[in-house]
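What follows is chain A paired twice: with chain B in the first complex and chain C in the second.
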Partner chain A sequence: MEIDLSVLPSLFVEALAYWWVIIPATVLGIVVGAIPGFSAANTIIILLPLTLSMSAEAGMIFMVAIYTASRLGAGIPAILVNIPGTAGAAATPLDGYPMSISGRGQQALAISFTASVFGGLLTTLMALILIPWLSQVAFHLHSVEMIVVMLFGISLIATISADDTMKGLIAGLFGLMIGYIGADVVYEAPRGTFGFLELYDKVPLIPALVGLFAISEAFVVIERRVVLSESDDGIKVAPGWSATLEGIRDTLVRWKHVVWTGMLGLVIGVIPGAGAAIASFVAYQQSRIFSKTPELYGTGHVEGLIAPESANNGVTSGTLIPLLIIGVPGGATAAIMAVVLEYHGVQFGPDLFESNPLVGYGPFVAMAITYVLLGLLILPLTRYFSNVLVVPTIYIAPIIIAFTLVGSFVPRAYVFDMGVAIVFGIIGYIARKTGYHVAAILIGVILGPLLENFFLRALRISQGDLMTLFSSNIGNVLWVLLIASLFAAPLKRRLAGR
Partner chain B sequence: MKIEQKRINRREFIALSSAAGAAGLLSSIPGAAQAADFPSRKMQTYIPTRAGGGADRNFRAFSGVWSKHLGIDFEPGFFPGAAGRVGYETYMAKAADDCHDLIFGNMGPEVLNWVVKKPSFDLGAYQYIIQVDADPGSIFINTNSSMKTIDDVIAEGKKRTLTVATSRLAHPASLGMLVLAAKTGMKVNLIPLSGGKNTRNGVLTGETDLGVLPATTVMGRKNINILGLFDEKIVLPDRMPKAIAINTEYKLGLPPLAAGARAFGIKTSALDKHPDRYAKLIETAKMTFADPAYAEAVKKAKAPIEFIAEGYADQCKAYFDDITAVGKEYKDLLTG
Partner chain C sequence: MSELPPDPPRNVLPDLIIPGLALAFAIYYLTTITEVPWIAQASAVLVSGLLLLSIFAFAIRTAYRLKAGTEIIRLSGLIPDQNLLLKRLVLLCLMIAYVWFLEDLGFTLSTFVFLILAILLLSSLANWKKALAIALAASVIGYVVFIFVFETRFPKGPIERTIEEMRDGN
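Entry: the complex of A and B
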């Protein structure tokens, strides 16, 4: 497949003519991204009647703009109030929130936005150039290889619990146990559902996510006067530009970090069934391993914030590549986009880039435009967003709980899920008070079922032969990289100590 | 037992539309209408799958026109989870038995659900009364596959175990594949991939040798060839030129295994209490099938009108009994 990049300038001009679609979709995307539970996928489903009434080109640009902007918007509550809006932003608070509570919220937001815009823009352009090669990734990464990719993410449990390994592992195992609640993927035999039918399809992710992070955080912050930590209570967030500029500079000087974590997200995004949550965990874990200052991760480290944000925005363009080239959506949002394009009679495949360049290249062009627009629109607002940190907790905590309960209700519209969020809120609160890492629990809840899914599928295909785990060349290379990455950091420390 | 399903083609649709006009006139004559006080509130419909899927699409197409004949709107409620089990359990626990509350599901996989694991309610406590489509189960392959026909598949399956992607084990399409394998001596290993999208992906990315799904979910897709339908005829030969009617060709002795057989169901107690209301539901449903607006709605929803199957309680019961019987025969393979 050959990509004719000479058409791009005219496509940019054509796509810009859809400004009336891009601007409202961008604003909407930021808002829905920032509200926990209101993912891009849900929003696009709700707006399907509107999208279907548009032309294929306008509909695609509209959906892409929402998708892109919501990814960035999800970082706002993750950083300011420790509430990742979606699973893709679950690794963002690991360093973003410590920055906020130490009075550097405005800077953290600027870092997050710059990494998202820079990483997203770069990976979008790279996606355009690498389409022929990236579209082949899905053909080579099957269940066996995906098991190793999942283990990259799960190994983050050990990484983030370096301070107290035992507690970290207990939290991680607890999360994995929760992740295995529900019917198994092969025989659909229910396990640990306590008789609740609502748990047959696993513990619902959004309620678990908002419960563990948001509700438990609301319980914790209510013990303080403001979100800022007690020691920094005196810090007033000055609504000036300096912190924003500092955040932008902090990110740009680490441009290499943005590039490689973004590219990691792009490649993971191409794999069907992977997605932003895995990309951000893997990027965070790899970033820490190869960092010169791994001990600073989890304390409000700039690199620890750049990695997940750049990676999850890299996923955004990656997920569209297999959809447009081979008709295989890389993720849930891309699958919904496929429905709309099929409705308009769009035929996926390499021919699409010649027969209808605005639909083929258009999503990437629209994505690039959206990123530029996001940068211009949202960076000046960081100074105002960060004022949330000085709002008295007697106001902010009830707002957090109310929004997150609504957010946990949205995906399935079950009142039961609001109960799940509260239960996880209590679990999260106890974990925080006793020194267990809620992120370690969450990694188990998110990645555990995926690991099980790929593991059981690989075993089923190989008819129970465990050696299938080492049956693929790509898989074996990934195994070596996994082991190397796990031992790289301790080895480096040991060598440095000599 | 053999299912006598009435499939409608375009011509029949046009012919029936004139009958609809007559029926509409009759129902408008004062005193001729049955159950005059019915419906007195919105028709609440429980859908045991997510919004935006095939059931949602078919429901909206049918209810949009049905509401015109019934004189009241339909309000869907989506209760996904546990392969439909959540929706049915919720319906049986909460729905009123006054004929205003219906369930709209896909009979095939959902009835097979009960074969694998019984629900908490008595299976006789609800019944399907209006079937709206019959989407046959299909065998499909990646166009790059070395297997080009069902005969190639069978020959290859006799040499080695073929991996077959399927939405889930307890599914009519999976059942068809198991029966074909048993009758021809081929070896297959069903790989449940949770949903149509993942099943297609499994075949397209080469993780499995072939796949089985309802025909509409793979028909006309790039890089996919449908090799056969678990049916007695090929309804749309121009859209699946390589497909053969497997049930007939290989004398499987199977009823048509409609993998998508969506139907409205209702509590049996509602039918017992309000036979007049039930009659009105059926009468207006018939008008809906005959209304050209329904064909338009189906077309607009991008579903092939050739898969519309007008069926009522008898046809639904026959399908229920058939799929239950075949499911029980292969229960061990469906449950491991």
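Entry: the complex of A and C
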């Protein structure tokens, strides 16, 4: 597929003419991303009447700006109160929250925003150039390869739990089992549903996220007077520029880290179904494996915050590539965009880039503009966001509980889902108090249905032959890489110890 | 030079709750897939097998550490702060009540009541005026942002319906 890049400068000018769409969508996206339960996908669904009334170009740019800004906004509660705004930000608190509770919340936000903006901007520009080649990735990944990609995700479970690998495995596998709840996709037999019809359609992800992170954190945080840890309670979180500038500098000096974790996110984003959650955890794990100071991860390490934020913003552009080129959306938001564009009569495929360049390239151009706007808009605000850390927990905990509980109601409008959030909240609280990582449980819940679907598909195609898992060359290479990544860190530690 | 005293043995009982829950759930799950064709069972059997293996390994490790005296199992001292536990239990009851009444009372009213009760509980009934102000502000802002502006699918009760009727001019 040949793509003419000479049209890009004029496309940037054309896209800038849609500033009246981009600016409100950017502000809305930040707000939506920061509220757990209010995903970009849901917001676009809610605003469908508005989007459908716009032209295909304006509608696409509007949706892309919301999507991009929400990805960045999701990092705000993840860092400040240990509650990721979306599943894609689930790896962000691993190092972001420890920074916050030790009085470096403003710096952490600046790092997160800078990594998001630069990672996102870079990968968007790379996506524009690499569209023809990246689209080929999706063609080569079938069920067997996807199983190994999923297992990569599961291997993260053990490695993100630095304190106790065995506890990490138990938490992750428990999460996987929970992710297997629901009716079987082929035979439609209910499994592990406790008789609840509402669970036939799998465990809803947003209530699981709300419970594991928000409810459980609210239960924990009431032990303290403010969100800051007791030892750092006296730290003054005063509005000022120094911590923001320090955060920006911390990120920019690690530009190589931003680049490669962002590119990792871009490639994972191209794989349909993989998504930002997997990308951010894969980036976190790979960053830790190749780090000279892996022991600092989980304690408020700058690189541990850059990796997931750059990667999940890399996914944002990656997920649109298979949609625009082969009509296969890379994620939920891309799927909704597909519906809107199909409504406008847009035909996906390589021809789109010639027949309607503003729809073909437009999403990436709009993304690039949104990232620049985000940088200008949000970085000056970090010093005010971080004041959340000194709000007394007697006020912040009930507000978190009320708003996130209702947020878990929104996607399906089932009161049952709020109950699910409470149950996950109790599990999450016990897990936090006993040293089991809630992120490990969440990875399991996210990956469970995906792994099962690919496993089932592979077995059906091979008529039940388990050896099919080793039947593909790409799959076998991925197996080797998986095993290597599992043993790389302990081997490196052992060699360093000699 | 005097040697540092050894660390006291750690109570490992709370650490067994998650493996216990996981074990119970895995067994329950396996009982629900007995009627499903083998192909549909394979993945779950593999994962539950791995889970049971991990729990078994964890149990062996715990037994070894109990024998070595670095860990102990005991019920006493399991709950360090009884007052905080009581607050958490009451907060949990308030959350259940919030969910229970949300569809009837609607978002704004139930959020206001939940917030005021939860803040009073956590502040040990001190400063009710501040609790009232915060609960009122949060529920009104929530209504304006989510229901009035974004028209989110939040449960609607008497307040939301009355405002809708006033807006429609009925």
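Here is the rule we use: the second predicted complex is superposed on the first by the 498 of 498 C-alpha atoms of A that agree within 3 Å, B and C clash if a C-alpha of one lies under 4 Å from a C-alpha of the other, contacts with A are read in each partner's own complex, and residues count from 1 in each chain.
Here, contacts are C-beta pairs under 8 Å (C-beta built on N, C-alpha and C of every residue); 3 or more make two chains touch, one makes a residue touch a chain.
Keep in mind that this is a model prediction, so the values were computed, not measured.
Clash-free side-by-side placement of chain B and chain C is the outcome of superposition onto chain A. In the superposition on chain A, A:Val339 contacts chain B only, with no contact to chain C.
Using the contact criterion defined above for the overlaid structures, shared-chain residue A:Ala413 touches chain B and also reaches chain C. Chain A has more of its residues touched by C than by the other of chain B and chain C.
Judged by the touch definition given at the top, the superposed model places A:Val186 against both chain B and chain C. Once chain A of one complex is fitted onto chain A of the other, the partner contacts of A:Leu296 are absent, as it touches neither chain B nor chain C. Contacts of A:Arg460 after superposition on the shared chain: both chain B and chain C are touched. In the superposition on chain A, contact of A:Leu197 is made with chain B only, not with chain C. When the two complexes are overlaid on their common chain A, residue A:His142 makes contact with chain B while staying clear of chain C. In the superposition on chain A, contact is made by A:Gln347 with chain B only, not with chain C. For the pair chain B and chain C, the minimum alpha-carbon spacing after aligning on chain A is 5 Å.
When the two complexes are laid over each other on chain A, chain A has residues 186-187, 190, 413, 460 in contact with both chain B and chain C. Contacts from chain A toward chain B in the complex involve residues 45, 48, 138-139, 142-143, 183, 185-188, 190, 197-198, 200-201, 272-273, 326-329, 335-336, 339, 342-343, 347-349, 412-413, 453, 457, 460-461, 463. Listing the residues of chain C that touch chain A in their complex gives 14-15, 17-19, 21-22, 25-26, 28-29, 32-33, 35-40, 42-44, 46-48, 50-51, 54-55, 57-58, 61, 81, 84, 87-88, 91-92, 95-96, 98-99, 102-103, 107, 111, 114-115, 118-119, 122-123, 134, 138, 142, 146, 150-155. Note for the complex: chain B touches chain A at residues 51-52, 78, 80-83, 85-86, 89, 116, 161, 163, 168-170, 189, 191-194, 197-198, 200-201, 204-208, 221-223, 302, 335-336.
Across the complex, chain C is touched by residues 38, 43, 46, 166-167, 169-171, 173-174, 176-178, 180-181, 184, 186-187, 189-193, 215, 219, 222-223, 393-395, 397-399, 401-403, 405-406, 409-410, 413, 415, 418-419, 422, 425-427, 430-431, 433-436, 448, 451-452, 455-456, 459-460, 464, 466 of chain A.
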